[in-house]
Structures are given as structure tokens and as C-alpha cells.
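In what follows, structures are represented as C-alpha cells.
Each of the two complexes below includes chain A, the first together with chain B, the second together with chain C.
Coming up: the complex of A and B.
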């Protein structure tokens, strides 16, 4: 089988005018996004070549299609390459040609015939109030579809903050009883959260390549987020960090500091308490990112950010008397400690998790197990955003 | 008589269900139902109005700018903030580029497969395809070798037997009329457009940090600094990059989208006779050209009734009402009467069948959408409405392009009131906006040269500068049509928030007197060759470009004050 797969990939590469050298460069680039040692590039290349075209079904529930749109912005590989060459996207309402019962039949067939052998992607939260009537597809409640489709998947990717943690529909007062996948369908094996509003497609692509390469899921933090994308606070990698350390802050929109690129901390930036790789990967093929264009981070990859990070323009942490006149040391240490407490010690948890995960990574790729992937997080991550 | 259910309607944003009665090969009656609800307006209650744009922006990730823009306009209107000219120019660029990108994606990725048969493309002759492509455009990617490559790529894909998103479709349906070569050309451009839209929308990353969900909006202005001498600002280099993207849009639209549209339309001229719908068109207008309280608009506002292009009425938002007679909500004073948004109330009450269900009880309530009406009449909103109002108002460029398209297809203006008319109007609007964006870049450059670097009205940033109790309205022409937000701010927090959204106008159910909504009306008389494969229904519904997540928005009036919003 692997030879057969190797030959289709070669054909594909040739038909795209991609040389073997370029393909290996792509694999090297992917290993770098994933922060793997360079020595693993060859292993990634080999694994991608020999992997059967995996099946993916993409479900949309209480969503805005923002993650779907993000997917269409993919550049390495492109959305067309993913859909035509890399994966078999058997169900995705926004792009699929079939409609109505023919569309439903495509999903039913995949779930029945490939049970345990496909990847489910979920976009949007899942409403549980009103007997499921707040979101139905083909007359079926979203929660029933999620239970069946995710329950029989080899792995489930909850893409975007709504699917990961409930997101906007679950913001107070949560009128529809909306939940993220982890809470709506408890006990799923191999659940990965890719939060952010929307998720950055570079992280989805890297995750897919990781899975193809290693036949297992990447190490995750306490919120089931891959460490390669969510292991560090935005603040730690921010291009404006030097201005923070030097006490140079934007005070008003459009002032000289704003035009010069000073730190947005006082304008409400949530970078110190948000874990994502935006500063490194950036957006839209590396073009820019929110802080790069002059607006504070709103913390969109964190659980309950619509409630915990608002008001967006109030600076961290929300305690009176903090701000102008505070020394840099107080800002740095005080803010992070206070906010760390407010966020249930997430930073500490992810630090601890990270250490053991790094050790695991250093031991190299593990042989594929029967239920590909690492077991759900033992520190309460199985409950997703509610820890 | 057969009862046709299309659920899910795919290649749209969100969750839409269509039920239709088909008799003698023709749709006799139809019902449009939205099957998802989130309650975002309720979530907004009590929050900082300066945050509202980020919340409402997430109503939709496809038209990812529209609710953000409308929200900041509504809040600015309420608190009396005056964004400086640079903010207007940046917003116009963001709004127009959204519309251009969205329309291209709609044509190729959401709508094209209703007209283009991918399987037929496999039997195309690449040399003939090349001749066809070169006869309609000087777009450089048109060689025989290029089309052979595309055909082989698709063939390789089909041969592997994993059809993915192209499985189970209506390929080979007799309603597909394009010759194999036209199909192959369209498939090639489907793939090219996928790459083009991704590259073009980097414009939003430059102006908004990222796309989807740009993050540079501010009540009172924009967060994107402008300074010719700073790396961290929009500077001369940034402008040069934007110019290149605008040029790429003009080129792609002129050389690929419009020629494809005309080529496809020429095989489907019968669709100029289907899908007319309600024949009333409503436009708020868009693209302010100055900074006054009633600015001149590049695309004009107005109402056209009963397909009468001789008269464009002035739009009066006070004439808007919403019905819940067939929607899953209750009105305290009875569900038969429409209410003005100022005294609107919304209490969700699902009375439909318990899921899983086979059929909705369409005699009763059957949708999460309300039914908005203008002066008691259903109104179509969107690109067709905008182009009709601009055409009837004498907009020179729109008149010229509409005339050119009608001449090319050899049809009269009556052909515009149709499924095909919507498709054509969307293309014309894309062309008009792709041409216009350069003017706003020029104006931005001039301001920069004059050292006008203002991007924000900081005098109204602090809530202590606001009236204790104020209301405001914001209007916008989203890609899919007229969008309005209404906000009531009390003691610096949102007391009430209301949206009336394009897809609510178009996809809403019947009203109190039983008048159908625009989708429903447009389906009447649509031919359906095979009720098992209702591709014709998809053609008309997709011509509206449904965006269902936008359409459903509601608050619980039982607990919250709703009755005090004043429509400005």
C-alpha cells in the first residue's frame, strides 16, 4: 500500500511542477513550524509520502464560518492542494457540491464505512437548550450529529474558540446553552482544540502534517491545545516587547508612540495572558498580525475570553490604581501574577505540561498505536475550557 | 405533486432549509427556514459599547467586516464621535475589498457548480479550451498546455476514486448547458480564484492585522496608524503594496471574472426569465465621500417598488417593521402584527417539530428568521438592489456597465429582475468597486503628504465624555445587502442592541398577512426537472448568496428593555 501511496504523491508533485527538492524543503519548513529538530525533516517527508489520503469531515454548528474562511487562506499547502491532493474532504457544507439528502448521504457513508478512520473537524459551538432546536441540520440536532460523527472519528479537531470552549454563543448569559465539543460530547478520544477567533490556518496545516507524519497527536496543554502553537504567551514573542520592557507605551490612538510601534499594554493588550504563536506565524501568509497593525490583542485563543478579557480596552489587570506611574518591574511581575491567578494558573499548568511534553518530544516519534494519539490530558483537560 | 426538502443547503454561510411543492415540473410554493440561533444581541447587553464591534463581527466570518463597521457607526452615531477623514478612507478600502473578494468567492466557489459540470470538463479538448479562453480575454494563463494540465489534475483526482467535496453532486444533470471546454475553463478559474482571493485579501491583513476577523476597528476611528516616516505605520511602502493588490483585483475581475460571467450567462439566458422574486429593492447606500453628518455616497440609497426603474424613492428607516407570525418568537401583543424595531420585542419560543424531524409545519411557525418589511412590503436587498438603484439614479459608471452587459447578452433591462440578473449585478458591482479603490488610496496618500495623520476622534474615547443616555443607528451595504444596527447606551453600557441583516430581508419567512419573503417568492415558477435533484432551486437560492448566520439575531425581551430603541 505504501508504494502505491508514494507513487500518487510523486505524480501529484510532478503534475504541479514540484521537484523532490522543493517537497523536502516544504517538509523542513513544516518541521520548523512544529519546532521539531531538523533531523526529523526526513522522517516527516517519508511519512507524508507514505500516508494514505486521510478522510476529513468538517461539521459546522453554531458558527460564523470564520474558520472555514481561514482554511481558504491556507498557503502551505494551499486550500486547493489540501482538498484535491492531501486530504479527502468528504463533507464540508460551505464548499461541497452536493446539497440536501445527497450531502447527508456523503456524511452517512463516510461515518459508516470509515468508522474510526477519519478526522472530524468541528466549527462552532453546540447548543444544548430547547431540545437541540437552536441548531439543526437535515432536521437533526447538532448535538446528535456531533455525538455520532465525533464519536466514530479517529480524532476530532475543535477548530476556533466556539468549538473549543463554547466561544461567543456561550458568552454570558449563554442564551442557547452552547458548549464546546469537549463539554458537549464528553469522553471523546483524541480531541484537539485549535482555538482562536478564527484559528490560524497555519496551525491547522501543521497539525495535519504532524498527524500524517507521526500517526499520533502532538503534545497538548491543559486545554488540549498543541504546544507547538499555544505553548508560549504572545507577550513572550511580541515584536513590541522591548518597548514594554523600556516602559514605552501607546497612550492615545494615533499618538507618536502608536505610530512608532510602542507597546499596546495600556490600550488593553491581552498578549501577556494569551497563549498563541501569532507573533511568529502571523496571519495571511505571514503578512501581518493584530498587534502589528496597531490594535491590542483581545485574547481570542483563551477560554471564556468574551467574558474574561472584556472590556477589551481596559488594561490588565483590572485593578484600580494600576497603570501610569507604575514601574516596569511592577507592570511585568504584578500584571502577570494577578492575571495568572485570575486565569486559574493556566500559565503554570502549561509550563509544567510543557516540560514533560518537551521531554517526550525529545524521545522522538513514537510508533503508531492502535488509537493514534496521546491520551486525553490527565490534568483536567478533558473538560476543555472549564477547568 | 412532490414535496422537496433541501437541507442542508450547501455552498452558503450557515444553516438554511428550503421546502418546496413541485407540481408539473414547476415550483408551486416554497418555504425558507433558518435552522440556527445564537442570541448575540442578548450577549451584548450590559457590555462596553466600544467592544460591541468585535462581538457583532462574529455574527459572520464570511462577510467578516460588515457587522464591525455597522456597529462602530451605530455607537459613533449614539455618542457623537466624529472619525477623521483617514478613518473613512481606511474603512472604505476595507469595505470595498471585502465586497470584491466576497463576490469573487461567491461566483466561483459557492455558485459556479450550479452552472458548471466538473465531470464534463474531463472530456474537454485543451486546444479548443485555449481558443475559447483567448477569444474572450487576454488573461495570460490560457495555453493549451495549461488547460491540459488542469484537466489532467482533475482527472487524476477523479481516478483515485476519492471525490471528496465533489461527490454525490448533480453531475450530468440535463440542466447543465455548458460545452466541455467552457466547463474546463471554469474549473481552471475556480482553482485560480481560490489562490487569487487568498492573495488579494492580504489587503485586510495590512489594514486590519488579519483576515478573517480584522482587528483594527475602533469606535471613533481606526487603530491603524498612518505615518510616511514610520515602519510601524501605514507608510509609503504600505501604500505601494496596497496599490499592487488593487491592481491585481482590477486585472482579475476584468480579465477573468467578468469574461467568465458573460460566457456562462450566454448559455443560461433562460435564467433571465426565472427567479424574479418580490420585485421591490431596498438600498441604504455606501461609501461616504465626505465627513459630514449626511455624506455623499458613492453608491446611492433608495427604494424601487414593483420593478419600476422610473422612480427611486427616498428611504425612510421609520417604515421598517418585523413580523414573527411564522418565526419561532412571541410578541406580547399578538403575533399577527408587525412591530417597528423601535418597539420591537423578541422572545424565542421554539414550537417546531422535535428534532430529528422530516418536515416543518409551514402553516405555523417555521424559521428562526423574522420577516422584515418596508412599508408593509417584502424587499430584496443585495448587489442587484444596489445596481438597480444606482442605474435608476443615473450613476454614470454603473449605467455604462449595466448597458454593456445587457448589450453583450442581447437582452433588455427586464432581464435584470431574475436569477441571472443577480449574478450579473454582483459582477458589475465587483468591477465598479475594483476600479474605485484606487481613488481612496490616492486620497490617503494626499493626506499623508499634507501630514494629516489623524486616525481617531480621541475626544469621545472616554465613556465620561458620552451622554448618560443615548441611542444611535448605523447603516451599511454589506456584500449581501442592507444592514442596520441600532444601539441604546445607558451609563456607558449597552442597554439594548438590535440588528436587521441582509439575509433576514431576503431569506425571511411569510409575514402576518401571509406574503412570502424574497427567497420564497423567487422560487415560485422555477422549473424543476427532477425533484430528487433540485439543482434549479439551488441556482435561484444561491443567486442571493445566503448568509444565514447573519440573519438570525435576537434578544429576549422578557428580561431586557428593548422597547426604547429609536430609529434615527
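Coming up: the complex of A and C.
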């Protein structure tokens, strides 16, 4: 174990009374969250302990501190606390001791001295309306802070749906012009989105471990989300999936199916359209997760979730203009019946006209206009058609 | 009652080639199949009891829906290809009222549908109004394919040919929006189905040219002059046989 000697991690582990065994277990757990082969766990452990203490600044804008809560409760492996706690958190409004100008000075110092060497974490959306006046810290608009701090960071982690996609503050009508980091500060290099309301700390930990171990970002999807956590729909790993495929659904809160653990699809579950590893890593140290305790997924990790995933307890939104509570199916059936009725009416009129035509025909030929089949000139065709 | 009606002299024309007829019926069948299963997918109304492992109701609905969708997509795409290699009645320009003849015939056809004319201008294939309607219908069919592929790609395995189509998901506004579009367009297509069957019967009745049968046999019976001056038949209130 000589390679542990002198590493920041070894000192921290020792002072917290965490054994090396626990640390290795943690690395194995993280390896599995990252969907890497087990055989890499040792390599991950080695890489983590040899890496210098990473510096982190945590910016909070239009947020509810939910992701901070999630971050502070990294409860499962104690070693995770070590890795997260010992990230040198140079700035975090909620948990730092310094306040006011002192705190801002710490941020300015880190950004100036460690430019290009720290990780910026952004929590909350960035308002852009009214020149950014809706959110200012120390007299500076959130958008300016984000531009400077994220612009000089080695990597930016947008944690939570608000920072990733605008989230709740950006929901229609979006009075503050709120945007996620990717839209507010376009062109950021090394941006990682960790959406969800709040983001799961297991994924933040795994991301940090990955970064420490491989010195680069994990593979990302089109929304900048790490594939290890957002590569699969919730539905495709859900423990209730067998009931879904069988056709067994909760029809009403508290009914037999609900008590048995049937699929929540008919209660508006958005698991099929939401990407996150909730079914695998779960929440609160693996205790449970929303679908596990009988509540449908509300799709909190998806872009525009507040606008698009509502109504939460229905499969699909209705059609605008047809009144709240009217489903697409009701409108659809109505429309098909209306089409049918319209054409039935058309059919009756057609039949009556046809009958009169036949009668007229039987009365003998009329002194008619131009005979059928007379080829008109190029322009005459349409005009001749008018009755 | 005794006055004999002289049978108009008609010629037999091969209008709908076999690819047109086959794709027509494959598209029709797959729309009905996918709508029936799709209605269940959106609102699984059957009650299934017992152990989950003993049933696969939703599973089968999805399997049928997916195979129906494959037939549907391939048929629609084949029909679009045939617009460029098929006979004159199948060609793409019959779907857009752009050529002079078809622009000229558009309003008279509409007058016929709105009872202002006794007989429609004699177009042998699609009349201009029907052609334009089918352009909209093809847009709906393509919307169905794009949203369907996007939804499927989201859960497709990494090795699946549909997995790379995940790039469509942001383009259609996310999966939940894709679902909504897919569902609304289904109802539009069902509405079109009602209209389409009715129009076919109407045209068959009024023109007496075998429109309804033509989609089975490929042949229509038309006055010879329609063949030469398609769309130019002079019609007015008194122009009744």
C-alpha cells in the first residue's frame, strides 16, 4: 500500500476512520454506476487516490438548493463523503463559512489563480430578462458570473434540471427569461448536464470519480448528459416492467393493483420517456425511489419537463383550446364522428341530385350547351366548369 | 321508366399499377392494425389478472404495432419512390396542383364537391383536389414515421438499426411531444379514412367509372376523350348524360 503514502485521500480516509477496504468497495460501487467492467475497479481506486485534490466552486442561481441537499446527503458509502467532502470546495454559498464580500473574494481568488484548473458546478437557472436583474449576487448578474466562472473552468457541471435545461423557473410563461447553462453561456467547453429534480448525488459522485480516474469527461448524449446515468429510459430498467408487458395497471390510487405493485403507466407514469438510472441507483442511499414506492415518474430529468410532462397524472396532455381535462382521444373520436356526419350529409344530397339527374335524363335530351368531350382551349377548361 | 339510357362508350384504362395497389392496401391495413393496437398502447383498457409472468397482453400489442409499423414505413417509402418511376397516374406531379392542367381543374373539382357542378372535370387518375389532399396525407404519414422511429429509437438496443435515430428525439421536441404528435396524427388519419372511403364511393357512383373497383383491379372505365384531354372535360349544369 505504499502508493497510498502521502496522498490527500489517504490522510482524509484515515482521519475519518474509513478503512481501505471500504474505500475499495466504494470504488467498485462507482465502477458499476459508471457501467464499467468490474475488473476496472482497482484501476479506478488507484487513479482516484493518486489524483491531486480537485478544486470546485459551486454557483447557485435561480434554485431551491435541492441539489445542495442531495450533495450533502451523499449517504451510502462513507468513502463517497470523503471524495465529495474533500473536493476542495472553494466557494459554496450554502455551506461555506465565509459570507458577504469575504465569500466573493474567495471566488474571485479561485477564478483568478486557478483559471482553467477548477470545476464549476452550477445549480439553478440563469435569468436573462431585464438585463439579468432577477438574480444578482454581490451586485453582479448571474449571467455575468456564469460567463466568467464557467468560462475559465476546466469543466462545468450543470446540476439539476434548472441548471441543465431551465427547469421550473423557465416553465411557461418564463417571466425571468430563465435559461439553462448551455443556452445562457453558449459554447462552453466540457459542459456536463446532470438533470433531475434534484440530481442524484450518486451520479455526481460517479462523475467526479470518472473525472479523477480518467482525466476526461465520460461519453455524453445529445443533451450533454453522461450516458452511464442517462443512457436508458427509466421504463427499460423498471421493476414494474413485467406488469407493464403483461397489461396489469394501477387503475386508481389505492386499488388492488396499486397495492400489488402493478405498473403506473395509466396513472401518467413518464418512465417511458425519461432517461435516468433511478431504478438502478435509487435514492437516499439506495433506500427506494418514486416508482418503487408507488408514485409514477414525473419525468423531472427531461428538458422542459414542467411544460411537457404535465399533467403529471395523465398519459398525454390534451389539445390546446379544447378545455382542461379533455383528452386527445375524446377530441379525436369527436372529430372522426364529425367527419362521418359531414360526409353522410354530403352523401344524402348527392343521392337526391343523382336521382333528379336520372329523371331529367329519362325526360329526354335538353337543349344543352357545348357537348361533353369538346376539347376547350388551354384557358377554357376551368372557366367552362362554372355553373 | 322505359326510356333506355344509351350506355356511354367507355374505354378500359390501366391506371393503378400493381405497386400502387399493393402499397395502398399495405398502408391501409397497417394503419388499421397500428391504430387498433395504438389505441390500446395509449390506454390499455383490458383488465389482466393473475401472475405477471403468465400474460403478455401489452407485449403482444407492441409486437403487432411494431411489425405493422415496419410494413407501414416500407410501404409509404416505396410508394414515394414509385412516384418517380411509376406511370403518369402515379407520378409526384399528380399530388401537387402545380402543372397548368391541374391548377385549372382544381376549382371545378371543388365546385363539384360543393354541389355547384353536376359532374367533376374528367381526370382519369387522382383529380387535383384529391391529389392535393394526398400530399397532406403523405405529410401525416411521414410525421407518423418520424415520430414513431424517434420513440422507438429511445428504447432501441445499442446494436439496433434504429438506435442511431435517437438524433431525431430533440428534433421532434422530445419524446413526450413525439408521443402526442403520434397520437393526434392517428386520429387525423382515422378521420381521413372515413372521408376517403366516402369519396371513393361517391366518385364511383357519380362517374360510374369503376373507381372503387380500380384499387383492386387497377382498371378504370373512362370516356375516351378524358384520356386525351384529361381534366379538360367541359362540364356544366346541363352536362348530364
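Quick note on the criterion: the second predicted complex is superposed on the first by the 298 of 387 C-alpha atoms of A that agree within 3 Å, B and C clash if a C-alpha of one lies under 4 Å from a C-alpha of the other, contacts with A are read in each partner's own complex, and residues count from 1 in each chain.
The rule we apply is simple: a residue touches a chain if its C-beta (ideal position, glycine included) is under 8 Å from a C-beta of that chain, and two chains touch if they have at least 3 such contacts.
Computed from a predicted structure; not experimentally measured.
**Q** Per the contact definition in the header, classify A:183: touching chain B only (first), chain C only (second), both, or neither.
**A** neither
**Q** Considering only the touch criterion stated at the top, classify A:265 as touching first (chain B), second (chain C), both, or neither.
**A** second
**Q** Quick one: chain B or chain C, who's touching more of chain A?
**A** The partner making contact with more of chain A's residues is B.
**Q** Examine A:202 and indicate which partner it touches, taking first as chain B and second as chain C; both and neither are also allowed.
**A** Neither partner.
**Q** Per the contact definition in the header, classify A:303: touching chain B only (first), chain C only (second), both, or neither.
**A** In the superposed model, A:303 contacts chain C only, not chain B.
**Q** Per the contact definition in the header, classify A:254: touching chain B only (first), chain C only (second), both, or neither.
**A** So A:254 only meets chain B here.
**Q** Mind sorting out which residues of chain A both chain B and chain C touch, each in its own complex?
**A** none
**Q** Would you mind writing out the residues of chain A in touch with chain B in their complex?
**A** 8, 11-12, 15-16, 53, 55, 60-70, 72-75, 78-80, 83-85, 87-106, 127, 130-141, 144, 167-169, 171-176, 178, 197-198, 252-254, 258-261, 283-285, 287-295, 298, 306, 310-313
**Q** In their shared complex, at which residues does chain A touch chain C?
**A** 221-223, 232-233, 235-236, 242-249, 265-266, 270, 272-273, 275, 299, 302-304, 308-309, 315-317, 319, 328-329, 331-333, 335-336, 339-340, 343, 346-347, 349-350, 353-354, 357, 360-362, 364, 366, 368-376, 378-382, 384-387
**Q** Quick one: which bits of chain B touch chain A in the complex? Just the residue numbers, please.
**A** 5-15, 17, 35-40, 42-43, 47-48, 50-51, 54-55, 58-62, 64, 105, 109-110, 113, 118, 149, 152-154, 156-157, 160, 162, 164-170, 191, 194-195, 197-199, 201-202, 204-213, 215-216, 218, 220-221, 223-227, 230-233, 328, 348, 350, 352-358, 453-456, 458, 461, 533-534, 538, 549, 556
**Q** Using the touch definition from the top, list the residues of chain C that touch chain A in their complex.
**A** It is residues 1, 3, 5, 39, 42-44, 46, 48-49, 52-59, 61, 100-101, 104-108, 111, 113, 115-118, 121, 154-155, 166-167, 169-170, 173-177, 179-180, 183-184, 186-188, 190-191, 194-195, 198-199, 201-202, 205-206, 223, 225, 228-229, 231-241 of chain C that touch chain A.
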